[in-house]
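Below is one structure, written out as structure tokens; the observations come after it.
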Amino acid sequence: MKMLINAPERVVEDALRGMAAAHPELVVDVENRVVIRRDAPVAGKVSLVSGGGSGHEPLHAGFVGRGMLDGACPGEVFTSPVPDQALRAAAATDSGSGVLFVVKNYTGDVLNFDMAMELAEDEGVRAARVLVEDDVAVTDSLFTAGRRGTGGTLFVEKLAGAAAEEGAPLETVEALARRVAGACRSYGVALSPCSTPAKGGPTFDLPAGELELGIGIHGEPGRERRAMMTSAEIAEVTVDALLEDLGDSATEHPFLALVNGMGSTPLLELYGFNAEVRRVLAARGVVVARTLVGNYVTSLDMAGCSVTLCEVDEELLRLWDAPVSTAALRWGC
Amino acid sequence: MEDGSRRVAELDTGFFVRWLTETASAVDREADRLTELDSAIGDADHGSNLRRGFTAVTAALTDKPPPSPGAALGLAGRTLVSKVGGASGPLYGTLLRRTGRELGDAATVSREELARAMSTGVEAVAALGGAAEGDKTMLDALLPAVRALPESFTAARRAAAEGAVGTVPMRARRGRASYLGERSIGHEDPGAASSLLLVAALERSWEAADE
Amino acid sequence: MKMLINAPERVVEDALRGMAAAHPELVVDVENRVVIRRDAPVAGKVSLVSGGGSGHEPLHAGFVGRGMLDGACPGEVFTSPVPDQALRAAAATDSGSGVLFVVKNYTGDVLNFDMAMELAEDEGVRAARVLVEDDVAVTDSLFTAGRRGTGGTLFVEKLAGAAAEEGAPLETVEALARRVAGACRSYGVALSPCSTPAKGGPTFDLPAGELELGIGIHGEPGRERRAMMTSAEIAEVTVDALLEDLGDSATEHPFLALVNGMGSTPLLELYGFNAEVRRVLAARGVVVARTLVGNYVTSLDMAGCSVTLCEVDEELLRLWDAPVSTAALRWGC
Amino acid sequence: MEDGSRRVAELDTGFFVRWLTETASAVDREADRLTELDSAIGDADHGSNLRRGFTAVTAALTDKPPPSPGAALGLAGRTLVSKVGGASGPLYGTLLRRTGRELGDAATVSREELARAMSTGVEAVAALGGAAEGDKTMLDALLPAVRALPESFTAARRAAAEGAVGTVPMRARRGRASYLGERSIGHEDPGAASSLLLVAALERSWEAADE
């Protein structure tokens, strides 16, 4: 598998150098692998810090900026960052109002951020943590590491980021982030595996004519393999998986929708898929208030898509519409 | 000849440094296989994770030669925590740090003392990750190994090897492989495979000490 | 090749339905395949209309909005739109101040937009046209259809769009667009071919271990095939091709840089490539004032990248920084 | 038996409608091959472009049966212009519209009249696209075909076939294939191939009329 890289072990460092060159509005510490807002720490503001393995770009560093994250710490490809990174991002962005870590629910992320939390408290930084665990493809969560954090992360970072930007205190931002995390459901489908630099090739085999349902974002195979389907059929399976998990409440409130590309599915196809998703949702009586279509929470060059629904009320809708200014998500300023 | 029968005690700092650098070489040699195993039921990074970590361990041990067995393990554990990331970084880091802490600053330790300390280290791994034997994780190699270690290094290595192979038919209940449900069955757990490398390096270091 | 579609002949229609669902700020005429700003025609404003084959998303429909295009007309995949579409977009957005068509230099686009110009004049719409022909990989332009229009299109649309938004008259907007088109140079590299829905598979073969230099954006093979290179080496070849064409003037003015993904190259790799591009430019004494990294002018799911440089002065830099609010490019508002 | 020797004149509207629907069937049958040719030196859409266009032509002819040969060609040409896009839409559209305009509203035309009109149509294509014979385009099939048409439909089809094959060794100087430079050599031009389908359908329509 050919990649536009220098060497597998240099991929993250090179990307950070390139981010630094492209985004003077960010402070990029290439050596320590931390990306923060240039104006951090912002006086009186709770800091939002996230991070995780690389390979999901623009998540998370692409969401650092006004109205979203204060700092991000990218790990190696598909490998959660080490505690030092998270600690450094927290210390550099804490204004004294405390830090909220947004953590996707993977064993590695949880363990490393938990260690960072302890270290942060040792250094006198008030720290809290919200877990994103939105992937409904993980069933039997008693017998697993629990639901994975995927597309819902974007909603948690945006909405909690907006609340933090408005000056809400740590407890409020944390409670809101938890509420949003609880309101998100995701489901993903792969048409092809991705290739990691370390492996140099596809992370699993997917025969022509088949797709994987219920995939995660780390190039892992999904729960079930089926014969290839049309965009309309994939939308039905996906939406129904989400609605089954949401239950009857799904028609009570409007939703934010993220129709997300896994990396190499063309935007042309993603928009077409959005049409089908919207059609199925409408048929089930579900109202969509806002939609985002694009590659936001990716899995390197995997072909496929995921859908995330986030149930909102007036307040969350207002926070969604609030100004945001990051490399990958920007409006209102 | 069983190592247990030959000598008592006297695993010194040099032995521990050798163990750790032996592990580093083994991980380096086997990194692609570990990544391959992780690609079947995980995210294809276990080999490169551990290679990055143990390369840094070797460098740290050369850089700041540790004064005692406990210090050697502590340094290695801290290095793993701050270089590996992923699930295996905190878990192996905790194993070594906790084992090292149990050894205190004794200049030499017996195999029995090491076995007791490692047993505490492995318990800490289980507590941190919330996994138990049979969940198809590194614990399935580590727990049998520390149980056999009082007997001999060779017995520990054999137990780890059996434990690693024993993960093949298991259905994963912890770590990424658990997302696959039934489909995790039929593959060896990458962390169990790397734990075997650690325990096998222990045996080899002992044999080298013996020559 | 698996695609997230319903049927090859429905791809463009489905995508437009999905755009309509995601972007209430746009008027999407699915049947007639025209996308326009909801507030068009804007009184006193010159209208900017562009279009071309689909498969290059977000180009062009993703650039419709305040400060950029007034209308776009997407053709079938890799097939220029028909004159009726361009005419309809022009008629729907013309406030009486005239329409500037931004046309990429391909035989099909030129012929169809020329026909649309004639039809527009017949309907009393004042129409002008600017050709984008920035691809330096096309040499011997006497013996070819001339240089292709690629990444430079984004700069022409953004800068002329900003001028039009400020109220400049048609002649001024046209002259500025022509100046920008003349100031742009692009060069592209493919690591893999793309697959079109009509063909259902890759448009050319590219053996493992080789790449194509000097590719276009229509899944066509490039000018030259070489053994795979590192990101640093690809940056050198690319930058040197651009600078050779620019000549000595390259160190006189600063540039806008677009480090563009062809579709399936992960953002992680694109940022890493940007680091190398910047390094080579710096070594050659070239100054970059602004950088955009991402998938903006794509070729479906092709893996690879292109670099576009656009020489700017104070005025063009100001127009670049001016507010823009489209689906794919947004800042300042 | 050569068609030229049998009859004079009398190509009526029905003949032209048959010609166009014959072309539509041929394009439909050969669409994948045309796209395949375009994939080698272009952008892999020529077959689907023409299929979309000629399907619409067939529909338009059924919808609004044209009153004359010239009207049939004019309707077909306008339909191609507004349905195909790409380079081939305006070019084939111009060919048919211009040829149709030359035929005026005559109820029947002779083969010689058609040959003269088509020659003007092909000239218009050359003027619009700025291409000449030898540039590896549809003109390399169309120009020889209209030169041979006064002789017979069969001669025209043979000339088109030779012209299409003759594009293989050419280096493209117009259209997308020109971007490939030397690498365009060795492939048949997709537009020349589709022009052969048009001219072959002309011959078949004549033969059918003869039965």
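Odds and ends about this structure:
Each chain carries a letter (A, B, C and D) given by its place in the written order, and its residues are counted from 1.
What we mean here is this: a residue touches a chain if its C-beta (ideal position, glycine included) is under 8 Å from a C-beta of that chain, and two chains touch if they have at least 3 such contacts.
Values in this document were obtained by computation on a predicted structure and should not be read as measured data.
Contact with both subunit A and subunit D is made by C. Here the spacing of subunit C and subunit D, counted between their Cα centres, is 32 Å.
Centre-to-centre separation between subunit B and subunit D, using Cα means, comes to 74 Å.
Chain centres here are Cα averages; for subunit A and subunit C they lie 29 Å apart. Per-chain CA centroids place subunit B at a distance of 54 Å from subunit C.
Shown for subunit A are the residues that touch two or more other chains, namely 77. With chains as nodes and touching pairs as edges, the resulting graph is an open line. Inter-chain contacts, as defined above, occur between A-B, A-C, C-D.
Residue ranges of subunit D in contact with subunit C, taken from their complex: 35-36, 39-45, 47-49, 52, 81-91, 128-129, 171-176, 178-181, 183.
Residue ranges of subunit C in contact with subunit A, taken from their complex: 2-7, 10-12, 14-22, 54-55, 57-58, 62, 77, 191-192, 208-209, 211, 228, 230-232, 234, 259, 263-276, 278, 288, 291-293, 295, 298, 300-301, 303-305, 325, 330-333.
Taken together, the subunit C residues at the contact with subunit D in this complex read 8-9, 53, 75-84, 106-108, 111-112, 115, 137-140, 143-145, 148, 196, 198-199, 203-204, 216, 218-221, 223.
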